[in-house]
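Sharing a structure here in structure tokens format.
Chain naming follows the written order as A, B, C and D, and within any one chain the residues start at number 1.
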Amino acid sequence: MSEAKAVPDPKDVLRDLIIREELVKPNRRVFVIDKTKIREAISRILKTYGETSAYLSSVAGVDKIEQGIMELNYFISILPRTEVIVLRVQLPRANPVIDSILDIYPGALNFECETYDLLGIQFNGNKFLKRGFFVPEDVVKKGVYPLRKDAKW
Amino acid sequence: MSIKLIRYSPWLVHFNTGGCNGCDIEVLAALMPHFDPERFGVRLAPSVRHGDILVVTGAITKKAAVRLKRLYDQMPNPKFVVAVGACACDGGVFKGAYGILRGAKEVIPVDAYVPGCPPRPEAILYGIVKLFQKIELLAKAKSK
Amino acid sequence: MTLLTEAVVKIPISLEVPVGPQHPALHEPVVLKLYADGEEIVNVEILTGYNHRGIEKLFEMSSFYKGVFIAPRICGICNTIHANVYVRAIEQLLGMEPSPRAKYLRVLALELERIHSHMLINAIMAEILGYDTLFMLIMRDREYIMKAKEILTGNRVTSEYFMPGGVRRDIDDTKRERILDLLKRVKPRLEYYKKLFETDPTVTNRLIDVGVLKPRDVVLHSLVGPVARGSGVKTDVRAEDRYDAYGEVPWNVVTRREGDSMARMLVRWDEALESWNMCEYVLTHLPGGQAVVDERKLPRVLPPGEAYTRGEPPRGELTYYIIGYGRDRPYRVKVRTPSFTNIINSGFSYIGYSIADVPVILVSYDPCIACMERAVLIKNGEEKRLTLKELANMKKR
Amino acid sequence: MSIWQEILKNVFKKPVTIEYPKVETPIEKDSRGLQYADLNKCTGCSLCAIECPSNAIEMRKLPENIKLKHNPRGLYPVINYPSCIFCYRCITICPVNAFVTTSEYRLATETDKLFSDVYSLKTLGQG
């Protein structure tokens, strides 16, 4: 228990970046942050918890067509706290561009490639992005991003 | 005549076209000591060019379909195809997804279908036995 | 890394070895394109997409309950955990809780699967090393576990065992005794194989000090499961989230410090033995009550909300992120399979080892095998097809 | 020394191989195999066809000469086995428990269509 106390709360670490806080079941805290601050937030987490105790668990892009935005959720698993926190950024649907975190977390490679291929979110600074990472050729040729809600093929 | 000869020791070529691996481990289990199909001379061929029977498992993804066609063309004649599992038969649960075709029959001619998801090893062996019966009938028809 | 690639492309004798196009186990199979300078690997390029079936879109198009049967088909070898994590996400949305008996039965199904999966990958490792006898022996004893799984769930591989709120079939006392009996036959064999892996020079010579991963690399590249635990990173979702009955059944997280292929394989044997103890505990301490859920009474429409559930398949952390929007189908389902990170992000770990070590390192990441049956060796414009096994034997020639 | 024990043990042990087509393998009686609708109970509500994850069930009209009181719409489910994934969702969702389950697994065919109508229509004869 004493060990857990020594580990800082991610909310304190990210305090000045958080726009609002939400909750994903079961008990995963969501910190909505600005899209320009994602690199800072992630490198701050890495610095606070050390390089061997926080890993990027998943990156999930969601196309919210009614609100005209794309949401990007970074799920980060913090091992000493046995907790998963979610960093959520919102991008305009017309021009979904965000900075890549590949040089901070090399493990983001597959998630960024996948999200680009299926949802069309551009990651600045990641030069491994390409269409056809997963999607079959005929869908690529039509320029369709299959996970977008208005996708037709 | 040559068709009939296959019956004595048919070599399988196993190709997974993008399934979930469930059928693959059952095909593997069918070749294991528990069932030991080498009793009939059935064994996995090291290369397509040595194979007689192509065992297709898994949903046919569009990328893998190209390779399946190429693999089939490379096999020596006479050749037969067994589609194992619901996905290879006609798409299974993946019917309607953007990445896949509805069954191996859209790419290559299929001679026997083994339903199940995944089929038991016994069912796969039964499917191969069924194929032998078909081969025998074909051979008879040819000799006449 | 990029500098190296450019340098290699200019060397005329360099070797380009694509391993596999086929990699079915994962939900994303890959081609490993190896760039070798002589025998030494200088760069690895990983190509994907041969197994992309569009499952996430399929989830959005079909109802929640159809999803319960689509989820296991992402991976056949770890199908129960896929169904389990998906079902738990739905339970979170519904605010449902399964009965204690159902929780124990779920743990039993998951752990039986873990034993058979770990035995399978160790058998494949034996085959890759050219140790066919061991391969056959492990596969023979694996049949007992498959039989136990058949008694419990009704099918050898795809179990269809989970439903929101419980499980789909129960076991009685005779079935329980039979599963216990089968398990008792397997335990001495598991211990024997573990000893064999530790002592047999055929195995140790090829595995020790091959593919060493440092804890820092493991965490930064998001590698999970036995791969991380073999490098001393104590990460196990069963211990972190304590889902189902994992909080009640006694067990330990297995870790090793060495970080080489040998450590990863031994972690798997230790975990199989740990799972064996859990299975025995579950079977002897099975609580009473109702476990089977009446599917006709489940609500068809789910309330809006988000759920993010995790589970621990034999290969590492598996996550499902589900958004419901008040309809009978999900708005978005995001699946992160363990092999997705373990294979695609691990390209760095091959660099510096010889070509013959590649299959060993790859298999030690547990890529759901069968898959990588074929490799193409291109040398001086000549093309030669090799099986993975031939590739493994190249060193000896 | 131990190697001799091993050899002796293996000489007198029965082989694990089951000579499959000659000898039947032991199969659980409740393992999931062939299933079909019992027309004595089926009401033709089409719930199974809607719920089937692989869309393997189609509702067909009953033959002209058969009129069933409990089946006013005259429909009955026909399963296409090569497409079926044997998840038994149809059985657990059926409101009147109208399905018959067996552990039959020998279903290999030469065509991609193998329907359950033969089995279903037989149930009427049995009465």
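Note that in this section a contact is a pair of C-beta atoms (placed from the backbone, for glycine too) under 8 Å apart; a residue touches a chain by one contact, two chains touch by 3 or more.
All figures in this text were calculated on a predicted structure; none of them were measured in a lab.
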item: Far-end chain from chain D, centres as C-alpha averages; value: A
item: Rounded Å distance, chain B centre to chain C centre (Cα mean); value: 26
item: Centre-of-Cα separation between chain D and chain C, whole angstrom; value: 30
item: Two or more partner chains touched - positions in chain B; value: 33-34, 61, 63, 92-93, 98-99, 117, 120
item: Set of chain C residues in contact with two or more other chains; value: 49, 52, 54, 57, 66, 69-70, 73, 140, 143, 158
item: Of all residues in chain D, the ones touching two or more other chains; value: 16, 53-54, 85-87
item: Which chain pairs touch, all of them; value: A-B, A-C, B-C, B-D, C-D
item: Contact footprint of chain A on chain C as seen in their complex; value: 28, 48-49, 52, 54, 56-57, 92-93, 215-216, 218-224, 233-235, 239-241, 305-310, 317, 319, 321, 323, 331-332, 334, 336, 340-341, 344-345, 348
item: Parts of chain B lying in touch with chain D, wherever the complex brings them together; value: 33-36, 39, 83, 86, 89-93, 95, 103, 105, 110-117, 119-120, 122-123, 125-127, 129-130, 134
item: List of chain A residues in touch with chain C within their complex; value: 24-26, 28, 51-58, 60-63, 73, 75, 77, 79, 82, 84, 86, 105-110, 118, 132-136, 146-147
item: List of chain C residues in touch with chain D within their complex; value: 62, 65-66, 68-70, 73, 140, 143, 150-151, 154-155, 158, 160, 168-169, 295-296
item: Residue ranges of chain B in contact with chain C within the complex; value: 14-26, 28-29, 32-34, 46-47, 57-59, 61, 63-64, 67, 87, 92-94, 96-100, 117-118, 120
